[in-house]
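Next up: some structures, all given as structure tokens.
Next, two complexes with chain A in common: one pairs it with chain B, the other with chain C.
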Partner chain A sequence: MQVSTMQPELAHPDIDQLAGDAHSAVAQTGWPSSKHEAWKFTPLDKSGFDSLAPASRPADTLSTAQTQSLTFKDGYLVSAGTMDKAISLRQLGRDDVTLLNWLKLLPKDHHLSYLSLGGLGEAVLLEVEASENEIPPLTLHFTGEQASASAHPVVLVQMADGARLTLIEEHVGSNALSAPVLMADVGASASLHVAKYQDQARSTSHLGLSVLKLGEQAKVNGFTLSKGSKLARMESHVEFMADDAELVLSAIYLGASGQHHDITTVVQHEVPNCQSNQVIRGVLNDDAHGVFQGKVRVAPDAQKTDGQQMSRALLLSRDAVADAKPELEIFADDVVCAHGATVGELDETLLFYLKSRGIPKAQAQAMLIKAFLGDALEQIDDDAIASFMNQIIDDWAEQNNDALVMGNS
Partner chain B sequence: MVATVETINQVEQATGSYKYGFVTDVEMEKAPKGLNEDIIRFISAKKDEPEWMLDWRLKAYRYWLKMPTPDWAKLNIPPIDYNDIYYYAAPKSAETPKSLDEVDPELLRTYEKLGIPLNEQKMLAGVAVDAVFDSVSVATTFREELAKAGVIFCPISEAIKTHPELVKKYIGSVVPVSDNYFSALNSAVFTDGSFVYIPKGVRCPMELSTYFRINEKNTGQFERTLIIAEDESYVSYLEGCTAPQRDENQLHAAVVELVAHHDAEIKYSTVQNWYPGDEEGKGGIYNFVTKRGACRGDRSKISWTQVETGSAITWKYPSCVLRGKDSVGEFYSVAVTNGAQQADTGTKMIHIGEGSSSTIISKGISAGKSQNTYRGLVEIHKGAENARNFTQCDSLLVGDKCGAHTVPYISSRNPTGKVEHEATTSRISEDQLFYCLQRGLDEEDAVSLIVNGFCKEVMKELPMEFAVEAQKLIGISLEGSVG
Partner chain C sequence: MALLEIRDLHARIGDAEILHGINLTMDRGEVHAIMGPNGSGKSTLSYVLSGRDGYEVTQGDILMDGESVLEMEADERARLGMFLAFQYPVELPGVSGMAFLRAAVNARRKEQGLDEVDQLGFVKLARSVAKNLGVGDEMLKRAVNVGFSGGEKKRYEILQMALLEPSLAVLDETDSGLDVDALKIVSDGVNAQRGDNCGMLVITHYQRLLDHIVPDYVHILAGGQIVKTGDKTLALEVEKNGYAGIHNAA
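Entry: the complex of A and B
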């Protein structure tokens, strides 16, 4: 993105300052190349983002919807459904000090932060109160039509102590670049489910950032399915702010011809007695490239931390490429932390077993792919979401399997 | 700049000329401090090296000048003034002794204090020792017996003269001069090291061993080791390091290159217990080492085993380039850090050949205020059909002020390749400790016992000569970390 094409109309002087700093940082260093450690496997310097400008606000007036949902088009809110009474929605203007305070929580010296700050589109704040009733899932629908522009929506979620919410993020549309930001501050004993589904047009790039802060005894379960786009990086930063919080982070990427999927996580245990568990699975067909980078940091006083992480990639094709960099950074001694990573192809003996039972090769392969992804899917503890994701995986496995069997014969 | 000018002046005074002008009978025992082309010419002249060697050094130096200091490791390296280091220092008796009797008795006594009795080893252990005291080899034993087998084992400075064709062919072929900052520096200024050549079909009749020592104040040590194993040969090489206490930090930037041809096997074992500095890390050795083995032949095998307990800062990644079909790479490592030590160590396994396989077992133990990082790369290239890697990295934390970090990189470009990595981090189990204590062991012995158990997978890979010493070392290194 060129400096000159970034949003000019920022009103709050400090937000102006942040955006200005982002401009200069990008202008100075450019987009990160593979020499940049955090972007080693997903360099952006040749992605052509320089020629993009942030999308302009669509002409659509804000409409209402029947379902509990928000729709963003080209990065701007165009439709808002009726919300449960425990949820309040607020659009934050660029002069809003609340927005400023949230933006200050973005990861420092980070290109995705620069991207959001520089291109800042719409920002909305969802405040969720504790409620005795079950709140139906809230869907965030992201779409876009301006094919040579970038979209920068920001969704902020403030969850009061004891609040509960299920968020479904759907990223479709055809903006050249989507760089959505989701930030959630999860209060004490609050519980948040986030299920993210990325199926943008194949010509697009998706650079998504989620920033989650967990209060005491908070529970967060995040799931990501990355299937669309030419280049997709879905990055999550989670920070434990108080004791006894629990995190489950799972992700699946499905890569086919020409695609690059990157799942990056940074989990920071800053306080004692918290648990994190990450399960990542990726399947790569054709010449797809899959990347997983996951860092678990345990601060000096974060004793009794339990940090687990397992990432596995399955290569279906001779041209597929998988890179992984799981990382443990541990400064406390009374901890149990482990990570594992594997890369390989479908197990021939398993395939043979199924075939010997009379199951056709294509079906057997599809079964094995699904079984492989099962570990990550099982982490979703909402049946409706799980079956929705399951269906997508089924379709993908079937579709790619045909190619696979033909390719093999 | 002032230092450089001064250096040039000193060299000029000492030698009377600059360009290629050094004569071998220069009486200087030491080159002046500082690094420039003249110092390199001085070293080369001192070593009576052929022209091609000097050119090679100068080429490396010119690369080095353009390279940035690497900063990617999880290490806090104080700035090093490369012009405040002596790059060449010879012991007082620079003449190569014909036998042990000719060796300075003072020197021999120092070795004895360090537990390296040359004489006894000669008789008892059956180990040939090429001892490097500072920069010049002063004693080499068992040459004759090795010569009978056709094995060449000599200082590399000698090999440059006696076997130039071999050195020329292999030096820099595994670690190119421009490989990294410290290897470029080493290539420019290396003073000595070992050269080993095992001819075709020969199983080296004894374990070869070199003890490196850093003694002279302000002396950088830049060893260069080159081991070549021809088809169907075998060699086991032992490297051990000790250094007396020092106040100023000392830089060590060694390069080790191994080449294994068809069906050859090289086993390289290291015990490194250089001075780690005091509680605040003051005075310890900086150990920046590039070690790499090339499995060039089919079914060749290179195995690295290391026990790293010393040095204030360790930056070391013994690697294998598995080019041969069905070649095998192994890395077994124990890294113990205590006090204010910092270690960033691991390995690289580059799978290029079909059916190549590698095993990585790394055990890191952090105590005190130390930081211990495993950093590794496993790369499966496109042609590496059915390549296989298994990696296990376990870290143990002793005390709540230290850090243990694991940074593996995995890259796979062939679906038939299989990579498995697992890592765990935990502390010494209370149950185990309690069990040992109630059996009457004191806490320090108990920790030493448990840690040795934790490292057992690696320790069993060590040659017998090293195993006992290494076990003791681990105990000694952890002294003061508990209670």
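Entry: the complex of A and C
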């Protein structure tokens, strides 16, 4: 297959057009400020992104890996492991009409779409066939070293009817801004698990976008853990395209000094008999700021929709702030939908109960933090991923306890 | 040396002084009952003893084995051997019962210079102790106190006490919310802990608990002070004449 690495100057005129439109839209409106409804808790106008340019393609030649993994550096694929035979991998250059068709599915008039289109280098397309055998998880490792540049990796996942896949996304590294896009078209009765882990350097920003389309009886289970960066927004747009599909979206953010975490979701029920369940939990220490925005739209035809959404934030410090903006837009009359949002502190009574049993304060606090996050962690139905995420949370709780114990006593 | 010595203890919550000078000395192997009407300061006393935040000691001292515990956090006191059985045990959703019990036992063992118990060894230990208290495997597997009935919560408190082997047990209205059968099970569990190494302070509103856990001494608490001390017959007197009769006589 011919890839754009060989002919960087070639671009599909319509993709050029999209990128040009994105550039002029941003040039016209600038980065969104707090006056922009979708960005009111996470304004970007003072983030200094104007001075950044998309990272150049790293000099690395594409290497191979033993594990089923892909590594992206500065937004470009640099390493590809051996894939299961049910998965085929293609790199799509800016001249590729397939890429053009995917890009047309990006959210319209949306800053994260502009960001991706404006910095677009190439994309990776994964085509997954239905398989009798269990496919081991595929790890997508995103890293970067160009500290004054932005990275714009794009991964496209085409799941055939009945296909099954577990994707693990790891976002690390020190690119000033990472703006990864994951788009998945999940076919009928196909099943996709996506576990994201964001632990980029504290000097960085992360503006991630996931776009998921669910076919008939498709199942998607997405989990996100946001822990790194100084500013992180992880946004998911999900659209039900046919009946009887099921979505679980769970997310945890862990915020400490100087951090801003934003989990934003848009779930669109366009057809009947689908289920969506969102479980969001955040823990904020020091002066950290946490945001959850969740919109559930139920179209007039989407009868028998079951749409649930619950976000809870736990503040470990009086300086921490949590904002929540749940939105239900329901145009059908025979649906079960509920949403809720709470913000609270560690319960002194529970803490005293644990301490009265001799459990040291720091350990008791870590136990309660862990318990608070339990509802979101329980949504992960892969043991290896769950145990990986658990370990990260344990370590975080331990680190943040030192500060807590000194602060409280 | 006395196991517990409470000297002229004054304590307040916020601006309100609740305890106005309590004196009490208890040796190992003894069971003392503290009886008193609602609002007499019974629960406050249990929280002040165990070191709950928000309860401020303004005067006096609390000594365990001759050492003042006033400057110690609740968890330090517990690791030294103090145990509080709660009147209303709290539910801890998401906290696994086994992990909780093991953390508590290991915290105490560490303090005593003993090796920590591993997961497998602990499950065996907890099951054998639980069986005697009518705490089934199903209860052990659940999150702490979540979905337990009132009686189950009290049995779970006594299970914790049995596992932690405290030298000083404070039982705060352990009989509240128990029917006759549950009261018997819980009392049997408490009585099994009695011995030369453990002193017990049994706080109760009603005499009926003391039919099952027979005290060596009974103290009447009223208005934040101990107004009368006697043997177990004092409890029967309360039952007959009410607190008003005792208080006025004192």
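Quick note on the criterion: the second predicted complex is superposed on the first by the 399 of 409 C-alpha atoms of A that agree within 3 Å, B and C clash if a C-alpha of one lies under 4 Å from a C-alpha of the other, contacts with A are read in each partner's own complex, and residues count from 1 in each chain.
Note that in this section a contact is a pair of C-beta atoms (placed from the backbone, for glycine too) under 8 Å apart; a residue touches a chain by one contact, two chains touch by 3 or more.
These numbers were taken from a predicted model, which means no experiment stands behind them.
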item: First (chain B), second (chain C), both or neither touched by A:Lys361; value: second
item: Partner chain in contact with A:Leu100 - chain B first, chain C second, else both or neither; value: neither
item: Touching partner for A:Leu315 - first (chain B), second (chain C), both, neither; value: first
item: Chain B versus chain C as contact partner of A:Thr349, first or second or both or neither; value: second
item: Touched partner set for A:Ala299, first chain B, second chain C, both or neither; value: neither
item: Touch list for chain B against partner chain A, complex; value: 72, 380, 395, 397-427
item: Residue ranges of chain A in contact with chain C within the complex; value: 348-350, 352-361, 363-364, 367-368, 370-372, 374-375, 409
item: Contact set on chain A toward chain B in their complex; value: 37, 300, 303, 313, 315-318, 320-345
item: Chain C residues within the chain A interface of the complex; value: 50-54, 73-75, 78-79, 83-84, 86, 89-90, 92-95, 99-100, 103-104, 107-108, 111, 143, 160, 164
